[in-house]
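So the structure is just underneath, and the comments pick up after that.
Letters A, B, C and D mark the chains in the order given here, with residues in each chain numbered from 1 onward.
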Amino acid sequence: MSLVTVMFYLMAIIALGSALYVAASKNLVRSVFMFFVTLFALAGLYVLCLADFVAVTQVVVYVGGILVLILFAFMLSGRESLAGLQQSKNRLFAVQNLPAFLLVTLFFVVLVNIVIMAGVDNLPWLKQAEKMHNVIQPADVTINNLGVNLMTTYLLPFEAISILLLMALVGAAHLARKEEAL
Amino acid sequence: MITMTHYLVLSAGLFCIGLYVILAKQNAVQILIGIELMLNAAILNLVAFSRFDKLNNSGQTFALFAIVLAAASTAVALAIILNVYRRYRTIDPGKVNQLKD
Amino acid sequence: MNILTLLIFSPALFGLIILALPSSWRASYKYITLLAALLQVGMSVSMYLNFKTGAAFGGFNQEGQYQFVQKLPWISLNLGSTGKMQIDYFVGVDGMSIMLLVMSAVVMVIATLASWEIKSNLKGYFALFLMLDMAVMGVFSALDFFLFYLFYELMLLPLYFLIGMWGGARREYAAIKFFLYTLFGSVFMLLVMVGLYLSVTDPATGNHTFNIVQMMNPANYQQGSVFALLGQQTLFGIPARIVGFVVLFVAFAIKVPVVPFHTWLPDAHVEAPTPVSIILAGVLLKIGGYGIIRICMGIFPEVAVSGAFWLGLLGVISILYGALNALAQRDLKRLIAYSSVSHMGFVLLGVASQTAEGVSGAMMQMISHGFLSAMLFFLVGVVYNRVHDRDIYNFRGLATLMPDYTVYVMIAFFASLGLPGFSAFVAEAFSLAGAFKSTLLPHWMAVCGSVGILLSAAYFLWTLQRMFFGQARLKGGEVWKTALSKLDIREKAALLPLALLALLLGIMPSLALDKINDSVLAFIHFLQLK
Amino acid sequence: MNTPLPNIDLQTVYYALAAVVLPFTAFLVNLFISGKNSKISGWVSTGAILVSAVFAVMVFGRVWNSHAIHAQQLWFTIGQTPVYAGVWLNNLSVLMLLLVTVIALPVHVYSTAYIKTHENNRYFTYLSLFCFSMLALVVVDSLVLLYAFWELVGFSSYLLIGFWFTRDSAVQANKKAFIMNRIGDIGLLTAIIILFSQYHTFDLIQLFGDNGLVVKSIIKNDRWIGPVSQIAATWQYVACIGIFLAVAAKSAQFPLHTWLPDAMEGPTSVSALIHAATMVAAGVFLLGRVYPMFNIQELDALAVIGCFTAFMAATIALTQNDLKRILAYSTISQLGYMIMAMGINAYASSLFHLVTHAFFKCLLFLCSGVIIHEMQHIKEENQLDIDPQNILYMGGLRKKLPITFIACVIGCLALVGLPLTSGYLSKDGILIQSFEWAEGRSTWGYLIPVGIMLTSCLTAFYVARLIFKVFFGKFRLKEILPDVHLHISDGGWQYTLPLIFLSLCSLFPLFSLNPFLYEHAWLYKGFVPSNYLARESIYHTIIPVIINLASVFVAYWAYAVYIQQRKLVFPQTSFLFRLSYNQWYIDAFYRKVIANAAVQLGQVLFWLDRNVVDGLVHLLTKVTGWLSALTAWTDRYIVDGTLHLIAAIASAIGNFFRSFQGGKVQYYLFSMLAVILALFIIKLLI
C-alpha cells in the first residue's frame, strides 16, 4: 500500500465521515463547521488527483467565501431557527426522515451499480489518453497550461461566467439589502 | 492503485449524503449545505477525470467554473433565505406555504 | 313561419332582448318575461284549438300524422363512402305532446309570476329562465333524436345556474348533485343515440338518420347493426336492445324521478328558489315520463313489453316509498318534493300497464301534476317569502291568520290527494284501473298503488291539521304574525288559474283526453304489434 | 245508450237534476257572494233545499212504483272506453232523494238559529255542498261518479266536522273521520277497478240492473267468469271486501266505526243531518245499489258483522254520559241493524229502517241540540266550567223544555220500536225476518236473531236511561250549585218547527195506516218482489209481542234504577206497590248481577273499543310512522349514502394526488427522485 493510497483512504474517510456528521447533526453551527472539514478533505483529494490549482481555489473560494457567507446568514437569521432545531429530538434518524433515508440509500446503490456496470476504469477515451500520453503525471505543472487554456480555449465561457458572477453578486446585494418600507 | 472507480464511488456517496440533507432537513441553510455537498461531489468527478486530459485541462477548468458559480449561487440563495426569514420569521421551507390552496 | 317553431324560439328572442337592454331597465325584465310567457300560452292555446283529432291524427309512429310539423335539413355532411350524415331540424306534435306543451306554457307563466321574489342579478336570471323555457318547449316537440338531445342538455345548463346562484343555503351542493345526476343519465343516452344512429337508415335517402319516428320502425334497422331486431347483438353478454332500453330508461328515470334515482329531487327542490321549484316539478319531471313513452318504449317496444313487470314494480315502489317518506318530513317543501315522487310513480305504473286506460291516466297525471305541483310549490313559496321558514312544526293555526291562503292550500292538498272533481282523481283512478286491467302486470300492483292514495291523504291531512288548524301559534311570535299578510293580487293571479284548471280538468277530463286519446290508441296499437 | 226518452220522463230527469243542482248553486252563491254573512247564506241554502225538496217530491211521485228512468250523456272517452255521466232514477234512488231533501230541510231551518252569526263563517256553504254531493250520490248511474260523490260526501263532512277548526279535538276528529273514510274509499276504488277490468264498464245498470252483467257471471273452478272476461275468483272476494270496507267506513260499522263518536265534535245540526240521517246511510244505500254482487257466504258475513256492531254499540251506549255520544253509538247500533238486514236478505226492511231511522234519529239529535244549546246558555250565563253535553248535570228538563221533551220521547219510542211509531214497523220487520232466516240454518244461525233481540232490549235500556236522566228528576246542576240561574226555553220557531215536523214523521201514519203490520207499509211494498209470501210464520205474532213487552219492561227497569233509587215517587201504601217493591228487590238483584255485568261488559267493550280497536288504528299509525322514519333514514343514509360514498372515493383519490402538490419543495423533490429512481431500477432490471 503506497502512501498515496493511504492518503486517499484517509481523505475519503474524513470527507465521508464529516459529510455524514453534517447530515446527522441537529446543530447548525456544528454542521457548518463540519462542512469545512469536508471541503478541506475534498481539497486534499483534488491534490491527489493532481489538480493542485483547483484544490487551492476550493480552499480559497469555499472556505474563504461561501462558508463565511453561510455563517453570516446563519447569524443574521437569528436564534429562533436554532432554537427550533434544538427542540426536535436529537436522534440520528427521526422516523419522519426514514423515507428520505431509504430513498437516498437506494439511490446510492443504483449509482454505485451504474458506476460498476459502466466500467469506468476501462473507458475507451481513458485508454486512448493513456496511449497518447495525455495523462497528467505527478511531476507536471498544470497551472501554466490552465492559465493559457482559460484565456484561449475557454475564453467565452470565462467571460460569460464573469458576467454571470457580476449579475449574481449585484442581485444578491439587492436582495439582501434592508427594505426601507419594511 | 487508486482507480477511477474509487473516486466515483466516493463522489456518489457524497452526492447521496447531500441529497439526504436536502430531503430531510427543515432548515434552508442546511439544505443549502446539502446542495454544496452535491456540487462538490460533482466537482470531484470532474477533477478525477481531468487527469486524463493533460492538454486541454477541460475538467479542471470546469471545476473552477463550478466552484465560482457555486459561490455566486450561494450568495443569491442566502440573500433569498434572509428575505424569507424577514417575511416569515422562519427558514423552514415547509412552513413557507402561502401559495398552498 | 311555423307556429311551433315560433313557440319554441320566442323565449330565446325575448331573452336576447333582455340581454340587450341596459341594467337600468332591470325593473322591466320581469314584465318582458311575463309577456313572453303569456305569448307562449296564447300560441299553445291556439295550437290546442287548431289541433285536429281522429284516428288519422294519431301520430306516434306515423310521421305523416304529426301536426304543425317543420322539417329542415340542418347539419348535412357528405362523408363519402359511409353516406351522408344528416341531422334535421324536425319538430312536430301529436296528442301527447300538445297537452304537455300547453301545460308547460301555463306553468311557465306561473313560474314567471313567482319570479317577482328574485331580487339579485335580474338580467342573468331572466335570460337563463327564458333559455330554460326554450329548451323545455324544444324537448317536447323535437322529433329528431339529435335535436332532442340538444334541447335536453340545453335545459340542464340554465337550471344548474338557477339553482346554484339563486338557491338556498346549500345551493351549490344541490346544484352539483342535480347536474351530475342528470348528466350521468344523459351521457350514456348519448352513446345509445349514436348506436341508434348507426343502426337506422332512412328508407327514402338511404342515409343514417336521427329521426325518432324512423327509429320506431323495425324495417329501418340495418341488418347486423347494433340495435337491429334480427340477429340480436349482445353487449357484455346482454342483448344490445335491452342494454339500450335500460340506459335510456335510467336517463329518463332520473328525471321522473323513479326510486332509487330520486335523491337529487328533494335537495334540488329544497334549495331551488320558488320559480325554479315550480318549473322543476311542473315541467321537468314530465320530460322523464314523456321520454319514457316516446323514446324508450317507442324505440324499444318489445323490451318495454317484456320488462313491463319491472317498470310497474318501480312505479309501485315509487308510490309507496315517496308517500312514506313524505309522511316523515317536517320541511314543507321537502314533503311536497317527496309527494312528487309518489305522484310520479303513478305515471310509471300507468305507462307500464300498456293499456289505453293506464297510459291515458299517466298522461293525465303528468298534466294534472304539472298544475298541482306548481300550485303547491307556489304556496310554499308564499309562506317562505314572508317568514323564511318552512318547518311544519313552527306553524299552527294559519287558517285564522291567512284564510284565503288556507283555502288555496286546501284546494291544492285535496286536489293532490285525489279528491274527485279535481284532475288528479281521474288520473290516478285510471292509472290504477289500467294497471289492474293490464295483462302484463300482476293485480296486486294496482292494489298496492291504491294504498299510496291513502297515504297521501294521511300526510296532507296531517300537514293541514298541524299547520293550519287549531289556535294560531307561531315560532316567530308577533313578528311572524304581522309578516304573514294576506295574499296579494299577484299571488292570487297565479293561484286562481291553477286551481281552476285542476278543477276544470277534473270535471271535464275530455278537454285533455280528447286530444290525447288518438295518440294513446296509436301507441297501444304500436306496442301490441310487437 | 242514448235512446231518446219520452217527454215526460225527460222532464222528470230535469226535475231530479234541478233537485241535485240547487244546493250546488246555493253553495256557489254562498262561496262567492253571501258567504260573509251567515244570515243571508242560511236563507239562501234553506231556500235552495226547500225548492229542491219540492222537486224531489215531484220526482218521487212520478217514479215510485212506476218505471225506472235512466238518462245519460257521454262524459269523456279514455282509450276506447266511453265513460258516461247520467242519472238512474228507480225506487231506491228517488226514495233516497226524497229522504235527503226532506231531512235536510228541517235541519237547515234549525241551523239558521243554531249556528251563531260569526264573522265569515262558511257553515251553510259547506252544508249546501254536502247536500249537493249526497243528492248526486243517490242519483248517479256510473261507478266513477258514484265514487266521486262518495268521496265528496266524505270531504264535505270533513269540512263540517272541523267547522270549529280552532278546536284541536275537532280537527283531530275530522282528520280521523276523513282518513277512516279514505280506507273505505280505497276499498271502493279497488272494487270499482276490479269490476271495470272484469266487465269493461262503469255503468250501474249494465252491471247491477235486472239481468245485469254481475248476475250473469259465475264462480267456477276458482275462476270468476263473466260475460266479458274472467279472472281469478279471489278478486271477486277482494271486490266484495272492498265494497264492505267502503260500507263499513261510511256507515260506521265494526271495525271502522270509531270515527263516528269522535265526529260529534261538529255542530249538532251537522250530526243530525250527516251522522244520523244521510251520510251514514250512504253505506246502506251503496249495499242496496250493488246488492247483486254478494253471494250467500258474503251476505252471511255481512249479517254477522252487522249484528255484532249493533250489539257492541248498544252495550257501549249504556255507559256513556255524553248526550251526543249516546246517540252516536245508538246510530252505529241501528246502522248495524240495517247492514244485518241486508245480510239476511231483508232488503226491503233494511231500506225501510233506513228511512224511519233517518227521521227519528235526526229528531233525537235536534232535541239534543236544543238541550245542549240551553246548557251552554246556562254555562255562559253563570260562567261555569261544565261540559254542556254531560247528562249527569241535567235532569227535570221536561218542565222547562216541554216541546223538546215530547219530541224527544217520540223519537226515543221510535228508536226502541214501540207500537204506533215508525220504528216499530221497520224494526220488527227486521227482527221477524231474522228469525225466519235463521230457521233454515244450524243452531249457530240463531245467534243472530237472539243477538239482535238482546240489542233491542239494550236499546230500550239506554234510551230510557237517557230520557230519565235528562228530563226527569231534579235539575242536578242546581243540586250541586244552588245559586244557578235558569233562563231556558224551547227556543224560537226555528227550533220547534223542525222538531214538530220530525216528530210527526216518526209516527206510524206516514208509513202505514195499520200501525202493527209492517208488510202493509207502502215503503216496504216498494222494495219486495211482488210474489212475496206474507204472514206464514208464527214469528209474525210472537216476536212483536215479546220484544215490546221486553222493551217496556226494560224501560221500566231503567226508570226504577235511575229515578226510584234516589227518590221514591210511587205511593208506598198499596199492596200492589209492595208487589212491585218486591219486584224491585229482584230488580236490585238483577241490577247487581246482570246490570252490573252489562255495565261491566259495556265498559270492557268500551275499553276494547278505545284500546284494542282504536289502539290497533293507533298502532297502525305508529307502525306507519316508524316505517316512514325508516325509509327516510334509508333514503338519507343508504340510497343517498351510496352516492356520497362514490363522491367521497373520487375526492379521496383527488386529495391523495393533490397532497403531492402541497407547496413543500422537498416533497416535490422527493417525488421527483422517487420517480427517477423507479425508472432507473426498471431500466436496470429489464
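Here, a contact is a pair of C-beta atoms (placed from the backbone, for glycine too) under 8 Å apart; a residue touches a chain by one contact, two chains touch by 3 or more.
Not measured: the values here are computed from a predicted model.
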> Across the interfaces A-D and A-B, which one involves more C-beta pairs in contact?
Replying inline: A-B
> If you average the CA atoms of chain A and of chain D, how many Å lie between those two points?
Replying inline: 105
> Taking each chain's centre as the mean position of its Cα atoms, how many Å separate chain A from chain C?
Replying inline: 76
> Distance-wise, how many Å sit between the C-alpha centres of chain A and chain B, to the nearest whole number?
Replying inline: 6
> How far is the middle of chain B from the middle of chain C, if each middle is the mean of its Cα atoms, in Å?
Replying inline: 69
> For chain C, what residues touch not just one other chain but two or more?
Replying inline: none
> By residue number and range, which residues of chain B touch two or more other chains?
Replying inline: 19, 23
> Out of chain D, which residues touch more than one other chain, so two or more?
Replying inline: 670, 673
> For this entry, which pairs of chains touch?
Replying inline: A-B, A-D, B-D, C-D
>> Considering only the defined contacts, which chain C positions touch chain D in the complex?
In response: 177, 259-260, 263, 321, 324-329, 355-357, 359-361, 397, 399-400, 403, 414, 419-421, 425, 429-430, 432-433, 436-437, 443, 446-447, 450-451, 453-455, 457-458, 461-462, 464-465, 468-471, 508-510, 513-514, 517, 520-521, 524
>> Going by the contact rule set out above, which residues of chain B touch chain D in the complex?
In response: 19, 22-23, 93-94, 97, 99-100
>> Residue numbers of chain D touching chain A in their complex, please.
In response: 670, 673-674, 677, 680-681, 684
>> Give the list of chain D residues in touch with chain C in this complex.
In response: 75-81, 120, 144, 147-152, 155, 162, 165-168, 171-172, 175, 178-179, 182-183, 185-186, 189-190, 192-194, 196-197, 231, 235, 238, 624-625, 627-629, 631-632, 635, 639-640, 643
> How about chain B: which of its residues touch chain A in the complex?
Replying inline: 1-10, 12-21, 23-24, 26-27, 29-30, 32-34, 36-37, 40, 43-44, 47-48, 50-61, 63-65, 67-76, 78-83, 85-86, 89-92
